Amino acid sequence: MSREENLIVRLFLRLLLGVLLFLTLFPFIFMVITSLKSNPQFYRNFWLPSLPFHFSNYSEAWTILQRYLFNSFWTSGLSLVLTLIFSVLASYAFAREEFPGRRILFASVVCLLLVPAVVTLVPTFVVVKNFPYFWTTEAEGNGLLNTYWALIFPYTSSGLALGIFVITNYMRTLPGALFECARLDGAGDGAVMLHILLPLSIPILGAVSIIHLLGTWNNFIWPLICITDPDHAVVTTGLLLFVSQVSAFNFNYRYGPLFAGYTVAALPLLVLFFCCTRSFMRGMTSGALKM
Amino acid sequence: MKRKQSIPATIWKKRKCYVYLAPTILLLLVFNYTPAVQAFRMSLYDWNMGLEPHFIGLGNFKELWHDDILWKSLHNLLRLAVFSIAVFTIMPFCAAELIFSLRSERASHYCRAGFVIPMVVNAVVVWRIWRYIYGDIGPITELMKAWGYGHLTRGWLSDPETALWAVMFVGFPFVNGFFLLILYSGLANISNSVLESARIDGASGLRMLRTMHIPLIRPQIKVVAVLATIAAIQGFEQVYILTKNGGPGYETMLPGLYMYFNAFDFNRMGYACAIGVILFAILITLTVLYTRILRTETADS
Amino acid sequence: MAAFLWGGCAEQNSGTPSPQKKESNATVLSVMAMTYTPGTQPLGIGEPLKGMQEVADAWEELHPGVRVRFALPPTMGTVDSEWIKTQLLGGIAPDIVHMNAEVVWEDIDKGWWLNLEPYLAEPNPYIPGNKQWLDIFANQSLTMAKRAPDGNSYTIVYDMIETGLFINKEMLKKYNLSPPKTWGEMRTINQHLRKADVIPLVLATEQVSDWAVDIILDMVYADIIPLIDIVKASEEQEAYLQGYLYPEEVCRLYKKGWFTDRDPRWREVWRILLEWRKDWQHDYVADDRAMYFLSKRSYSYWDSSGFLPRILNDPLVDFDWAITYLPPLTPEDCPYAIGAEAPVIGGAGIQFSVTSSAIQNSKEELAIDFLRFLTTPENAARVINEAGQMIPNIAGTPMQSQLQPFSDIIQRHYCLVKFLFTFDTHFQNEHRRWVHYYLEGGESLDSFLDRLTDYLGRAVDRYAERAGLDLSEPYNVPSPWELEDKQT
């Protein structure tokens, strides 16, 4: 192959990559563009940005959404922390210890990945509703409904299956000698986890965090049915305030603030992504996802 | 480890393992197993939510066997799943290869970031874009009119002939950032010396792809295929927000959606649970198949 | 464990009140007020609403220790059924919710909704001289038409909403067309506009099997309404609903062959609808259809009075527009039509119900009291007229003048039957789906009619079973073919 041909092929491949990247990025670009538009601007031109920019959409979105953002932050964040702690503990047992029932317990955790979520929607709702909840008088008879725990516990338990699956596989790839050495030095399980396992596991924990937050942060149906109290509502349900019903089937959208809201809601995830992409990649290569 | 010990004694000796597992087991028992078992149990009942359930044995399953809608939806699912497993494996792979071929590490990093960013976008945003694309003043219709094919334009999402295709093409170009990273990290992990020696042997371009890349990142490809399968079989939200009811007729109906309608619109929770059990069975079978294929292949190599 | 949890749930469902615990601080009355939710901006126009909040504040002053809290409305429209069903099942539904009466009727056998009949018969203490609460609802017949099949009211109709055809008058001028007087003329105009690359009419998918079918059906059956409508209701109801077919009547008529593939009028309804389909936007499942009209890509737009504040205030509207209604079908358009004017298909707007969640927490009296307070003429004016989308259904509450065109439309006769809402959600789901399939060219008229006859039959049987009807009883209405014979 001649040099010129080679160059042309390479240019073509770059171009192809550019097109793929643009198309994939497009929803994001569109979201930001639309968040700066007024309704008339949106109707006149669907695709392109138009002047003047309406930055006030953001202040409006922020005013309405801030408390919901806080709630989302708190529920998703706490459930993430719990998921990570519990999965590391469980994975440690699964990966590094031999005990009766290990295989069956592991299998019974992993097979949960396959239960379709819709089927268990109502049964899970019933469980949450009847949960014995002793610390408040307000929720009398309603179990966890209308409390943050109605979101935190199910999010955590749904994250555990994948978390344990991935982290256990990862830990199995770590050299056993490492642990033996530490043990010989007299380190307890706690010290091993904290000083050896944790630093080594940062990549995989980053990966689990991303997957977990993508699932919980944008969840819509579950908060919708578990939280009627606006004080506990999360950002996905709060966004509905920018949509109003005209008649049974006609809705009125306020695109600017709505998309500003989507953008604001996406920011925390974006920050997380930028922090975690590298470690996420390392986590993915580590063999954690072998089946 | 092989020392014979009575089981209770071993359990006692290993009690800390159970302590580590306790929070997980507790949470999973309450929030996953109870509902899952409940769903399995209710598949044997005739249950109008809010009224007393009636036990009917395998009645729901017998009815499902003769339910044309279920078969139609399984048929749609098959078409959709085959298509989406293919494109959601191939397209991220192509993107990963293209990024991998970049010489500059910085460019490669920004590219990966660029593909990952859109994952934070709420599905509703994507949905709105595609609704517009398929609409009366969307680019497809406008282009066809401009080229003189105006008489062939239609409601792409609402015409029985095109609806399922329209649903399938939402998400174009199908480069899922998550899958891309998995595949890319596989490529990045191939040791340079292996690639170098292949290059010295004169392998280049497509041959390199076929003989080196694909076999070496096979595990990652498998993972992506399995994840894409699970997503395709469990997911129905896309159809739900695009065509609202799996219409026209049942042209875009999926088992998950059919389950949903039975649960909430038809007041047939038991029947819905039975559909869920069938979906679960399909997923289990597929996963077992996948792992079998994977095992035999690793054994071969 | 499962059994234990299940047992707990079943107990809740049977309506056993949960043990009352001392209220630590304030009792909370939660309200899902839909369009009127304080702090929301209807249609994104004007100041955030506060009328309902003011009314709630005033009411709280009369009831120390009680707070009113507004729940987020589950808008999106698509998730209504699962939202309300899980909320009621979980006992966390707001105490007062807006829900269409037809949705409420589905679940009255589950004890999910409070029967308002006894309360409606008592005076409303907030209105001096009121003998019974029921009297203050302006449109008595409409109010009573929202009684459930068991004869009781589970909802109160707070306001009325009516549909109208918004048209772009400038397009008529531009293409030198005059407003249509008959159905045929309307079709001709629409086809003209279509050739000029204008979308003649945009409407919602869902309203096709609802509004569109009901209007055409009424006009096609106009000549024989006295023959087929033989079950009469109370006098007040008949004043509004003269010639309305109740679900029971539809079931019995079906068994006589009406609304089946053997009913030639029924065939006409679906033929006309398919013809009319040519005038609509191609994208049958289009979303945000107002966009087409406001950005001048369509000539007409079918929506309710709720759209009025938007078109009055939207900066995009720099054109001349008008609110019209559909023209009558004439004998030229359909052999059975007699040129009768198109009927009213709208009616109740926001409808409030008291949920079992309120009953379980013994808050039903409070909820009723709040609703009574809400329905005084002054308070209704504060709430309804602030939004400016609906016609108040409270006697003594003035209507906003901009709603006059809709108020005129509502004076027409009510349609023969709200066909879609005659049966359960199962039927609605199937019907919408197959109407869509048929209108999009999925099947021929014959095959559609076969299918419709089949699933309508199943819906009829389900209704008969639930209502305890014996459909084999003789019914004194001729079948369609007997009528044909008589006429020829």
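Chains here go by letter, A, B and C, matching the order in which they are written, and residues are numbered from 1 within each.
Throughout what follows, contacts are C-beta pairs under 8 Å (C-beta built on N, C-alpha and C of every residue); 3 or more make two chains touch, one makes a residue touch a chain.
All figures in this text were calculated on a predicted structure; none of them were measured in a lab.
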Arrangement of touching chains [line / ring / star / complete / other]: complete
Interface with the most contact pairs, given as the two chains involved: A-B
Cα-centroid distance, chain A relative to chain B, in whole angstrom: 17
Distance between chain centroids, defined by C-alpha means - chain A, chain C (Å): 39
Interface hub residues of chain C, defined as touching at least two other chains: 5-6, 82, 89, 205, 287
Sequence positions of chain A contacting 2 or more other chains: 122, 126-128
Residues of chain B whose C-beta touches two or more other chains: 30, 34, 38, 49, 260, 263
Complex contacts: residues of chain A adjacent to chain C: 39-40, 43-44, 122, 125-130, 137-138, 140-142, 145-146, 221, 224-225, 228-230, 233, 237-238, 240-254, 257
In the complex, chain C residues that touch chain A: 5-6, 8-9, 12, 18-19, 21-24, 30, 32, 34-35, 39-44, 69-77, 79, 82-83, 86-87, 89-94, 100, 161, 163, 204-207, 210, 287-291, 294-295, 303-304, 306-307, 310, 314-316, 360-361, 389
Chain B-facing residues of chain A, complex: 1, 10, 13, 16-17, 20-21, 23-28, 30-31, 46, 86-87, 89-90, 92-93, 97-100, 102, 105, 109, 111-124, 126-128, 131, 153-154, 156-158, 160-161, 164, 189, 211, 214, 218, 236, 259, 262, 265-266, 269-270, 273-274, 277, 280-282, 284-285, 287, 289-291
Footprint of chain A on chain B - complex, ascending: 1, 7, 10-11, 14, 16-18, 20-21, 23-25, 27-28, 30-32, 34-36, 38-39, 42, 49, 91, 94-95, 98-99, 101-102, 111-126, 129, 132, 172-173, 175, 177-178, 181-182, 184-186, 188-189, 204, 219-220, 222-223, 226, 230, 233-234, 236, 256, 259-260, 263, 269, 272-273, 275-277, 279-280, 283-284, 287, 290-291, 294
Residues of chain B touching chain C in the complex: 29-30, 34, 37-38, 41, 49-52, 128, 131, 134-137, 141, 145, 153-160, 240-251, 260-261, 263-267
